[in-house]
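Next come two complexes built around chain A: one with chain B, the other with chain C.
Presenting the complex of A and B:
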């Protein structure tokens, strides 16, 4: 017993923990696809693809329920401690984050459907797709960091959320400009702004997943030293003097 | 590390009761305890955990010099209780054991009445001047052992006629009858069913108000439930010693982690 071992004496315990983590990966895969497809549906004005994303969210919700049940069973039957405890606690939080990201993707798809009926506003759809791609790439890395217990990669994901926040700030200003230029853009811009805001929130949930990887590997949460780059609460754009 | 203690488990106010310095124990050629130094707090339950043969029971038995009774055993280093070396020549082991009570794995009531089981220690140590005082000690001890209500109407019945859980609580009552300051418990629940175990654990938590309790247990869950501090022994070493919540959530030593999570090592 001189080194840390990976295997429990009770091998069924290992199988339980692996099964739960496999469910997280499955859920993560579905959510990654939902982000990609929702953003693509928005850019290509593809109502069918948007509809598929909306229908697909039910599977994500079912996985979250299943994970909650399995985690409750492991806690009741195995009384996990130390890093085993951190595995089940982090699984609970990550599944909740993924479920929220899935909801945002579904909402993005809904608004994409509505927007197919309206005039496009500038190149906002492609900017939003880039933002969604950034979030999706961060999610992929956060989940890879989880599987590989890679603290450095998780910290990198946290840092990259700053870029998402900056993209949101820029697009926020662009929408204001579009709306000031032509009030007929307002309805579309309101929908587009919600899409941008929801994508920015997805980034926050991905960051939270990365935090869980740090907690899992080190036993404590990362320092809250990251600068907040969302400046929009302070924007006035000349409207208020 | 974040403070994860709930107020129930707060231990910071307790003073050191037992202080061990560089303790080594040999059984003949076998080096059973290797340079263990530890401070055990007063009014606190301290659990010793570790795999079989790790030395936790051996170390426990140093605290009331039970190892003196084994011819081949040799103890070096210092063990201080309230700052006094208990291995000093002038210390009488019998007096020491009145101050440091012990409860064993198997309930071992004397083949005497319930009353006499508890009265035995106070009698030989002359703690009661008359029958009234002795009656008081017996009742107080049985109450502290959380068994008074179950036996008060049959104090003359043999202690061996009680159930296993009751016998163990009788043994705890017997141990506290000599007004000890420290209670050592060597797997006190391993022969008991879960209900009797829960009753003894509840009792241990109450005893904490008056005593420094040191418990050796094979059940990690029991250590987690009853103790405020946990010490993990392995191959004669004290590997890690800390607040119980910390040991069970974020142990610092990989050997502790392997053991408490049930991994092969």
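Presenting the complex of A and C:
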């Protein structure tokens, strides 16, 4: 094959990758908004906003399908080298993480609608909104780190997830207290607790996007001892994973 | 390329696929045992068995990594056609589903250890064990359906997941009652409720393995209206997804 053909194929492959990356960023933007709007709907008890988030998740799912098809097309068409293949396959993992985060945001919106029918439990809705905003900011940075192949930013995202875990542990204890104090809070607390746990899980998925960035930039996953599932201490009354 | 070379490459590719499929089945076997043993540890309050399940999850994670590497190697080496590629990429999705199910089983085992330090809550542990056994049986059938490309069996697995969702809704209501009746049950019920929810989520991941089988046999995913996330009715006091 001549250099010119070689270059031609290489640049066509790069254009394919950029097109797929653009789909990832589009998907990421939709998911970021879903997190923010679902948490706001919970805090302001806005059933219409919650309904809009629930309807919006279908677009996120369609984008994941589109990305999967593009990836299969590019692999079949360009037969990438092992190194290029790593980049393409990381796209599949990231789009799958984004789809899961979108599902959790949709679930948060559904529970927000349920909770409009119940008494508010202390200031838990605004605490949960702050927790969701932290996760949304981490997601934005994880996607920026992906586009810029910025390992330092990816590692920073990983570290910030520890704060999300701490927020979850604190709110878990608060819910137990609310339920003990007044059994009429129990059903609402069950839903609020799921929102807290699912928001903490969104943080885990953001962390695995950051892990992919570290993998792409360094060629290996972050040190096992730093990896999410092994790092979180086991607590009798706190987060258990 | 001569037919002989062609055949040679085709059969080498088939051998690669069979090797990867063997890894999937090995991973599936470990995950099936983890589900059974974690649920048994919960029912018999057996901390040692729970600890063994927790330690065992690392082997499941290593198998997923190995499968990912094998898939990348095969794609780079054999440059499969679009049709063959569909089979290879489905392996990535299935191994990722198995890894998640393994994580949930590990989480179940961790909570089982926590719960040995608390009063049992009614007969919930044996109800949860039955729920886990249903999911384990579905997983076994989903993997058999994958190996035999058995669409009918895959669709049967999807249908049985509805029963798991019903089990979850029933136990959710039971926990609310237990907590209302005696606030000393609240902390234990929070953990038991997570076990129920995570077991229901295991069923969702088994269902998406079944979806992959349908995709491989029919060329398209199951009818949207039958897909898990759209099929489950929204309930104020039941499963919300």
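Criterion: the second predicted complex is superposed on the first by the 214 of 241 C-alpha atoms of A that agree within 3 Å, B and C clash if a C-alpha of one lies under 4 Å from a C-alpha of the other, contacts with A are read in each partner's own complex, and residues count from 1 in each chain.
We take it that a contact is a pair of C-beta atoms (placed from the backbone, for glycine too) under 8 Å apart; a residue touches a chain by one contact, two chains touch by 3 or more.
Computed from a prediction, not measured in an experiment: that's the story for all the values here.
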item: Touched partner set for A:152, first chain B, second chain C, both or neither; value: neither
item: Which superposed partner A:79 touches (first chain B, second chain C, both, neither); value: both
item: Superposition-derived comparison: chain B or chain C, residues of chain A touched; value: C
item: First (chain B), second (chain C), both or neither touched by A:219; value: first
item: First, second, both or neither for A:190, with chain B first and chain C second; value: second
item: Partner chain in contact with A:13 - chain B first, chain C second, else both or neither; value: first
item: Shared chain A contacts, counted only where both chain B and chain C touch the same residue; value: 79-82, 85-86
item: Footprint of chain A on chain B - complex, ascending; value: 1-2, 51, 220-221, 224, 234, 248-251, 254-255, 257-265
item: Chain C - residues contacting chain A, complex; value: 68, 71-73, 75-76, 79-82, 85-86, 89, 92, 96, 103, 106-107, 110-111, 114, 117, 172, 175-176, 179-180, 183, 186-187, 190-191, 193-194, 197, 229, 234, 236-237, 240-241
item: Residues of chain A that touch chain B when the two form their complex; value: 1-10, 13, 79-86, 219-220
